[in-house]
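Pasting in a structure now, in structure tokens, and then I'll have a few things to ask.
In order of appearance the chains are A, B, C and D, and numbering begins at 1 in each one.
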């Protein structure tokens, strides 16, 4: 049984935001428009955080892509009264839309604030809807949604491998963000496979987890940006 | 009541259509027979070409079935079509290596945009009123042909003008041939962030009038003068790929990267060190480094050869550019300059790039030549870890297009002036192909007035923007997914590339490929132009057939259609002339060029009255504004400010405190040419005497998503141009800013805090 | 009452003041959404919107109570006859079922492959031939399939490969004329089968 | 002071039931109107989508949860207090108990509505309840919300019983004093109460059992409510102190609520003879104790955070101490601590009903603020600064939250219309007065029956 994980190399990440749009395109995330965005309803399953350091002229900027960390010990799971937020065998934090009744407790419990709520029924001005990905549900009003590690791609690849009676190879599965990243800062794979690229990166001395001390055991490793100047 | 809270009658039908799940409303649906056999629920992957910039990234398009609403003979219903679902970078394409930038990802929305022009339109209202009536293709083409015939019969062929974007490749060839054979002047190419100046400089220094390709992957040291090469400049995806490899691609080696610019760009944010420099003095710093490098015997003056010879005092080792002198001119501490030189000397191979704001000054050419000379001195030209020039596939030669080499087109400024001057030479018919100068050109050029004086304007655009809203006739083009797409990348690849892709899906609307329309018009003129090609497809067939197939006895054309292009070693016959027929600018022989020396850049506006420099920069999301109509990009948080759906003015905190401006306050930005009101964003990453604004917002006419949103910095620009090349010096305007009021919620931020330990970060109070 | 009026008045005034203060200081969000898009656009410009909202309260109630009206097919398609003629379901009509998630409802094009020649005298065949002429497809209605709010991503192919017979989920379709909903696709139904066959059971197997 | 005669008691306390003045209708009309508006508003919210509220990313809880905690807190006025008083046989409790217990029941009912009102898909609220479904899915028993559900239901049931039991004899009295339909209704309600010694004995036993049983439930309820917060890894939420802190706060606000209610009843139903200043004073003393206790808890919570100096927690700490939330915070401190400690500390003000009421009003406001300040600043200021945010309620939320105050008044008015707001038989059997203690209760009950 695999344990899906990701590694984000902050030394490669240029903060260009390709992953953000790729995620919107893959996962049918609706745009909420300027007014709702102003009211804090914009949904970005993955976001590129930026942090300023220092004052002019000695300024530095840090980029950090943050998506659901698919915690091994996820705070969002125990608090959900209906099992809508639930742990799967391959280590994903499932968000089961049809079980969600919208208590938004999980979003409060999530220390990474990567969960997003559908405040209204999502809308697409036709014919933009022709782009929608039929492999992913359209969420409805009152449910919580978040990064799934592109579970639809994981499932598709697994089923295909089974059909072809082959083994899944490392790199067969690429979530939309990983696939789009121009600088190849994101790597996805099976953490239980010691040979996989992501496991090797997770062992890197540069590696660390986000908010590690909260004991959430994230599946995402961040490789720190180096400074030699 | 909120529009979103209404329950739409279109709802479940659409949902079920999109999800192929069950639903009662299918009862009411009329289904039409699909035009092809559709296998539902299964994805096929087809090649594509990204249309949004000149880089020409290769795409892999995911195509699946979808139910499209149609009205056939008055009856509304749905028909199943094959629709593009997702764009990915094509993994083995030599430019983007599987990556795709945020704009490229969003470009799929161009095809499905609700405000896309669905059929030929004829103006019914007044100019610019954007009132149009539908018209059939036949009538439309006939009308255009009539206009052109009129010019011919009047013997006034030169009164036909075409205004387009700077693009190379087959489409450009057809356009150019069309005009040449008609007897019209060469097309007017204009983009505010166009790089003709750099092409010119490269032509002078290296005899290659094209943008350079950087081998970052093998570089140990990269020095960039204002070039936003990871975001918007040149071939960003290719360069990002190289950048990733430079940082972490080699065991034990991590390439260093220093960015020289006055406002921290998304690229600058990734630099190991960010060196702010006085506007327009980048060249001086480059020469200062060259001076030290030569002094340190890293390279002999003559090593720079022709590129060096173009710089005054080069052979003497640039005595005028001592660190102290450089410090005086650029404001960069002498120590920093020396340290930089040391690093460049130690960490080889290294390369220097210059682009964007660094060249947008009245002395831009000097800066470019200086950096070129620095590169030459480092011996990084055509070397691993240096810069090179992608061999250009000579489309014209491959297509056996007769006629002399095209002359350089007039500049937009000249065109506008010509029209306003009137007279016989003034254009009677103007074709607009993708350019939107009314939005992006300086007011002082009076482009809008000029266009309003043109008797007849034809636009091939897919959207109604400020420029095409003035058109009398709109002949909407296919989207890049619906037609033959092609691109001959000018840079970004080590080997020669020609990208091509067949239509990924059937046209959604009543549109036609512009190239085919032009060819059609050419045939239907009273005196036909005899363009030798039946259609774009035919042309592509001819050109690609000339290329060597990858396999023995193979066929390059069919191979190219499968893998989405051709790349490899070009036969000498097909390599474009070094002068670069691909580019509009021509090469002056090095001898006939007086060695360049630094002259103080000129700025528009009295420093006393307008104390600040205005820096309009290419937005990571909208580039120059041509992508502002895509909702995904509108809602994508800007990398540095996290702003969505809005525009802003970046101000240094110390300056802001002086002027009593708090984060989010409204500010008036005033130049000698106009004023606008926007929201202040305080950021430490900008020099105290500079205010920066992203281009892209402030459209008065550009679909429901961009119209009337934010402000357009171009409305402040002065018409200053670079002394030698006449390129617009868009960073040479002085402005003043003043607080205009409290935050009014027009600035939409996604982020809260600005600093990691940002407890008291002002962003905390965002509304 | 008379005795309490002053105090109650005082309370009311206090509330009013508090309210005004709150609104004045911007502690209460009183912004109003922009008006919906109006006015004529360009010819052919679309104003339609796709949403997951139910068309009306009735439909919402139906979803809530998992009520689904029996489908009414445009023509009485006799499954039994075609199956009887040894026309394999998954080879001609629902061909994508073995390779992909969706079984696919055959277009009239498919029908006409045979019925250009076969049984052209039957009224039903003449009916679809007529439609074909008009460029109209047969608006089949799904008999099975999961409602949108259940967020089920069902994929036929793996089930076919696992040799789950069509009848298991679609009932004795071979004996039916028009397909009837004979099996109730509740979650329990799926889960039990998955339990028996040791197929994966976590939510993400179907819901994503 | 003279104690009113039993006959006097009956006439005084049953009058409001038998005669209805125009004021009653006016009150019902006024408050009923407000409540209906709120209900309408809530339906609008459910229909349009939750986005019509001010809730946003990242502050996903706001006014509704605040009101939820607040009302559950208020509910600790009655049952708990009267149970304690019964057990310690505090005689002065007699006129107080019922109007106290009523508050519990109504406050719980209102409080329990908020978790439903705040759901994104309220029509599915029943998924919180364990019921056999074909999906074979039960609620997640690890989730505090599910335990809220159980705790509140238990407490509500208990409180209703606790309220109903001692009503039976009074129902009997009303039954005997009324005619026609009313007589039949009260007859049914009094469950054939005849006042036999057996019945009296059973009643007393039941009461004492209930009193003992209800105590742990009451305490557990607000402890569980506090788990809603302390179980989530949110700065300033994950605190071991929350259990007792919440319970103390709950009782605190409960007493305040009770004092206010009593004051109003006293005025409207002219019960000056029964609700004496001494009752207020005693409750005031209780409130003083709780105020000090509350002060201790808050001080403790803040001090521990300050010394712990955990960055994320300090961010929230400063935000409430001296940044955007400081005004609310210090208002809370004044209302919850300064005001009550002064007013209730000084004998003079404590002895005046006005003093008690003013202090109580302060406490009610303060406790509402306390809950708000526990929830919102932390959520808006979690670990990653990029995800900081500011929550601003929309008018709609304010209306719904505010209308609940109208709702409790309305319920109270209606209740006082059908049940004597003071337990008559308890008034009539004050063991402490000689000459009455020897009389068996049933004798009096019988005596009442004869006109």
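The rule is simple: a residue touches a chain if its C-beta (ideal position, glycine included) is under 8 Å from a C-beta of that chain, and two chains touch if they have at least 3 such contacts.
This structure is a prediction, so every number in the text was calculated from the model and none was measured.
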Task: Chains in simultaneous contact with subunit A and subunit C - done: B, D
Open item on the list: A-B versus C-D: which interface comes out with more C-beta contact pairs?
Closed with: A-B
Task: Per Cα centroids, the chain farthest from subunit D - done: B
Open item on the list: Using CA atoms only, can you tell me which chain is the most central one in this structure?
Closed with: A
TODO: Measure off the straight-line distance from the CA centroid of subunit A to the CA centroid of subunit B, and report it in whole Å.
DONE: 30
- [ ] Please compute the C-alpha centroid of subunit C, do the same for subunit D, then give the distance between them in whole Å.
- [x] 47
- [ ] Find the geometric centre of each of subunit A and subunit D from their Cα atoms only, then give the gap between the two centres in Å, rounded to an integer.
- [x] 44
Open item on the list: Counting only residues that touch at least two other chains, what does the list for subunit D look like?
Closed with: 48-49, 51, 54, 385-387, 389, 392
- [ ] Mark out which residues of subunit A touch at least two other chains, giving numbers and ranges.
- [x] 34, 36, 38-39, 42, 47, 49-51, 83, 99, 120-121, 123, 125-129, 132, 137-138, 141
- [ ] Can you tell me which residues of subunit C touch two or more of the remaining chains?
- [x] 26, 29, 31, 33-34, 46-53, 101, 148, 152
TODO: Assign the assembly's chain-to-chain touch graph to one of these shapes: line, ring, star, complete, other.
DONE: complete
Task: Partner subunit A, residues of subunit C touching it in the complex - done: 29, 31, 33-34, 46-53, 101, 148-153, 155, 157-158, 161, 200, 202-205, 207-208
Open item on the list: Which residues of subunit D touch subunit B once you look at their complex with the stated criterion?
Closed with: 47-49, 51-52, 311, 314-315, 318-319, 323-324, 380-381, 385-390, 392
Task: Residues of subunit C touching subunit B in the complex - done: 26, 31, 33-37, 41-56, 59, 62, 68-69, 71-72, 95-96, 99-102, 104, 107-109, 132, 135-142, 144-148, 152
- [ ] Going by the contact rule at the top, pick out the subunit A residues touching subunit D in the complex.
- [x] 36, 39-42, 47, 49-51, 66, 75, 78-83, 99-105, 107-109, 111-113, 116-121, 141-144, 211, 214, 216
Task: Sites on subunit D touched by subunit C in the complex - done: 23, 54, 123, 134-136, 267-268, 392-395, 398
